[in-house]
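Naming follows writing order (A, B and C), and every chain is counted from residue 1.
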Amino acid sequence: MSSNTDFEPKIIAFVCNWCTYAGADLTGTSRLKYATNVKIVRFPCTGRIDFLLLLKSFAQGADGVIVSGCHPNDCHYTSGNFHARRRWIAFRSILDLMGVDIRRIQYSWVSAAEGSKWADLVNNTVADIRALGPYAEYQKVADYLEKEGYNEEA
Amino acid sequence: MSKIGVFICHCGENISATVDVERVAREIGGMEGVAHAIDYKYMCSDPGQTFIKEAVKKYGLDGVVVGACSPRMHEPTFRRACAEAGLNPYLCEMANLREHCSWVHEKSEETTEKAIDLVKMMVEKVKKNKPLDSIKVPVTKRALVIGGGIAGIQASLDIANTGHKVILVERDPSIGGHMSQLSETFPTLDCSQCILTPRMVEVAQHPNIKLYTYAELESLEGFIGNFKAKIRLKAKSVNYSTCTGCGACIQKCPVKKIPSEFNAGLGTRTAIYVPFPQAVPNKPVIDRVNCNYYKRGACKICEKTCQVGSIEWDKEDEIITEEVGAVVLATGFDVKGTDFFPEYGYGQYKDVLTGLQFERLASASGPTFGEIRRPSDGAIPKKIVFIACAGSRDPAKGIPYCSKICCMYTAKHAMLYQHKVHDGESTVFYMDIRAGGKNYEEFVRRAIEEDTVNYVRGRVARVYEKNGKLIVKGVDTLLGGEQVEIEADMVVLATAGVANCGSEQLAQKLHVSYDPYHFFAEAHPKLKPVETNTAGIFLAGACQAPKDIPETVGMASGAAVKVAALFSNDELVREPVVAVVNRLAPPLYSTCVGCFMCETACPYNAIEHEEIKGRDGSLIRTIARVNQGLCQGCGTCVAFCRSKSIDIQGYTNEQVYAEVMSLLND
Amino acid sequence: MKKLRDRAAELLSQGVVSLVIGYEEGTKRPRPLFCRNSEGAEKLIFDSHCFHNLAVYITKKELVGKERFAVTAPISTLRSIMQLYVENQLSEEKLLVITVDLSGELREFTTFDEIAAYVAQFELKRGEREQEILSKIEGMTREERWKFWMEEMSHCFKCYACRSACPLCYCSKCVVEVNRPQWINPWPAPLANMEWHINRAMHMVGRCTACGACGDACPVGIPVDLITRKMMEDLAPEFGYVPGQPAKQGNALSSWKLDDREQFIR
């Protein structure tokens, strides 16, 4: 895993509009720099984020995923983040049982005031995923149709 | 195939300095479904918007993507431009090339490539966008004002004077707030109560204002224009419809030693009490914690005294529901007590006071009738020390901010002291003098020059008691850090202004944000200072941050105008970002199977049961339906729906799926 | 057995119900029986081999019709019936539930609460097979688990027997049939299979009653029932429910607690 210095991980961030998206806006207004690897998809609320989107991200070649929203009690919609938190507890449990690498999904709370936390979160996640390397294990399976077929020894 | 127009903004050099905007426009121009792609210096400018409008018409665009700043900034601008050109505004999306790209990355190939990806993502989204119509909801033209200090009073009067009904809720038995406790006000030294009490009376008598004192907000449901407020009317134990406010019961109450909140603990009150003589309403409540009857089951002297039989022992808290269209939060602030300061004696020394306590000493209606006397022995202090920035601007104390009012009121206190104790000597320890405001600097100069207040720039390290004196040890930083020691008779701390107790819980009840110090958060620090992030809830006064009276009154009037503007329409036009349950032709009707998981998940009770009936009236199925007035568009239900039968407009499954796919398919 | 047959015949002949769903002898094991008259009721059996989950039929409107009907339900079926009540899929007036208790006595239920009170005395335990496979999985590293499931998933050919057997998969349009967008590819491939089974498990959070019908139905023997079973076991203490005992107050996933775990959230 040490030969991953050239590896630029692809990371998708699923964030809520009111806290983390605004927090990332603040990172910009504060001109704090972070890695270019992360692209943000905006949702009204973490409660809206479908777990299937996370699976699809990995299937389509993402090496890591960030999911971030409002801190507990700060949800613009009162409880969307609490619902999301539960959903992620269950989702992690199932993924872990199936052997999916849950270290590649980074959950966070970043408020609209935490511009620097967002920059740190991105940079740390990029570093973590870089250390883990490409998620070839999952993508190999995803490529099944293009390649010959699933071969566990390949 | 789609005909999408893409417009890449340079934002002066804000974007173009790190992103090769021409390349972005060029590459996006080659995308499938993109009919037109250009870059321009300022897309939000008039000529920039004209480019968009003309392109919509010229190319018959069915979607627009503007790659510029955050959609939180200019989405409305560009959507309006599209609408003016005849394109449904919800077919316009923004790619955030500034806050999420050019400002956070260095100039590089990767930065430009990320910009291209971000625009691509939005192009793919727009391909799936559908024209939407805004939603109209009725507006209840009645406002709820929470907090009856000067902010709440001003906001209530201003709203009421526009002809709309106001419900004013105050936690204490009387309105008036902190302003009613003040002696004189800076920079004019006019008596605080003289200018406030007429307003209080006006509130009580205003035909459009319904006043609930000794009441608190229990819960708030609903949304802008249509809130339902549950208000707890705490049991006063006195029937206000019969009570004449004669005050006989107060005279006779045997429990007399309760520290008076109004006098900041310097005076006492009885268990049945009116907080202060000019209280509105001027009728008593029974403090059940201290009343002999409630404590021990015997006494009832007030009941015997009362000529009209107004005492209601068994009265319980009552919860009422009011429907309102807007809420003004005016819950004010609090000041730190002297016990917050170990270095100044932990509140153990009786003659170390807070600024608010000094106000009560200086007030003609105070415990000493306006004479400055020591709480310990009643002597007139001959030497007095004022310490500014007690707690404020002190990150070590967790209060890094400036409390804003202390410089001015400390100058006022020193001045009042000098006016009342002619042979007295006053010293003010300060960090900086912040006297920004009309006639403020002149006021401080007057204190220093005319009233000979001794201003020492430096901090006080310690205050301790010795032989009945308070030894104040500090440094004078203007004299090279020279040690200063003063034997004072009284020390007044300009303690930090902090968020009022319970503000965090209240914010959570109302779903408004708050800052790390629990002051309520405004929607924008400059451009939306009285709005909160929750539509229909506004801020007034020191609940947002410490501020003085003129500023508070200004803000309250500002909030009132926002409310009046909201009430000027019979209907409110809302963004159509709401959930919808799919409907299909019979015999399917919908893919919804009616498990109603969405109903339990919805924070707004927006899910209703819709019964689908056959021609004979028999029930075929029960499916979910979204009440579009209640739905706020969080989309939590969408992620729950197993059969994907419920979707949210503006962030549909198709849209977000297309976005994610576009980011990864190289 | 006699009592059950008599009672069923009585219910049918008196017109109390128009259909009794139960079991009859099959070639290898008991199979479902749908009797609409008292003669049919003569074939009814009820013993410990009757584990086919009959609850799967009671949401099928074309089968049960509009009249009141009865179902003979062993514990696993009772659990599913309770969950269906919670999810607004059954009405108490329309369904008569019959079971035979441990002492061989006939018991009838018409409400959710009656069933809940009865089911409460039965604890959901792992059987020998479940214990064997689950303890094997529990001993694996993450990589080994991935490999294990990938190997299993490579056999899946998307017949959706697991879905058909599950009483709680009653959607009229399953997510795999939704094609705007096409969330899960319809063809059998390890990834699409994996996505389907993860999706199925997520849809079962707080709902699965661990009846094992899905695993039982799998023609290639993938232990799909253990995914949802293990998920239920792991999450139950955390979300505060008892596995196999559905509670009326909402679903574990559509409710939340202020102090839900969040150490994994940065």
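In this section, a contact is a pair of C-beta atoms (placed from the backbone, for glycine too) under 8 Å apart; a residue touches a chain by one contact, two chains touch by 3 or more.
Keep in mind the model is a prediction, meaning the values are calculated, not measured.
Engineer: Contact counts by the stated rule: is the higher one at A-B or B-C?
Structural biologist: If we tally the C-beta pairs in contact for A-B and B-C, the bigger total goes to A-B.
Engineer: Measuring between Cα centroids, what's the chain most distant from subunit C?
Structural biologist: Greatest centre separation from subunit C goes to chain B.
Engineer: Can you work out the whole-Å distance between the CA centroids of subunit A and subunit B?
Structural biologist: Their C-alpha centroids are separated by 33 Å.
Engineer: Provide the C-alpha centroid distance between subunit B and subunit C, rounded to the nearest whole angstrom.
Structural biologist: 50
Engineer: Mind pulling the residue numbers of subunit B that touch at least two other chains?
Structural biologist: 601, 640, 653, 657
Engineer: Residues of subunit A touching 2+ other chains?
Structural biologist: 51, 56, 79, 83, 87, in rising order.
Engineer: Would you mind listing the residues of subunit C that make contact with two or more other chains?
Structural biologist: Answer for subunit C, listing residues that touch two or more other chains: 175, 183, 253-255.
Engineer: In the complex formed with subunit A, which residues of subunit C make contact?
Structural biologist: 137, 140, 142-151, 154, 175, 183-184, 187, 189-191, 194-195, 197-199, 201-202, 205-206, 227, 230-231, 234-235, 238-239, 252-258, 260-262, 264-266
Engineer: Of all residues in subunit B, which touch subunit A in the complex?
Structural biologist: Listed in rising order, the residues of subunit B that touch subunit A are 70-73, 96, 98-100, 103-106, 108, 110-111, 113-114, 117-118, 121, 508, 511, 513, 515-516, 533-534, 577, 601, 603-604, 632-636, 638-640, 648, 650-651, 653, 656-657, 659-661, 663-666.
Engineer: Of all residues in subunit B, which touch subunit C in the complex?
Structural biologist: 588, 591, 593-598, 600-601, 622, 640, 642-645, 653-654, 657-658
Engineer: Taking the touch rule as given, give the residues of subunit A at its contact with subunit C in the complex, in rising order.
Structural biologist: 51-52, 55-56, 59, 72, 79, 82-83, 85-101, 106-109, 121, 124, 137-138, 141-142, 144-145, 150, 152
Engineer: Show which residues of subunit C lie in contact with subunit B when the two form their complex.
Structural biologist: Listed in rising order, the residues are 87-89, 170-175, 178, 180-181, 183, 203, 250-251, 253-255.
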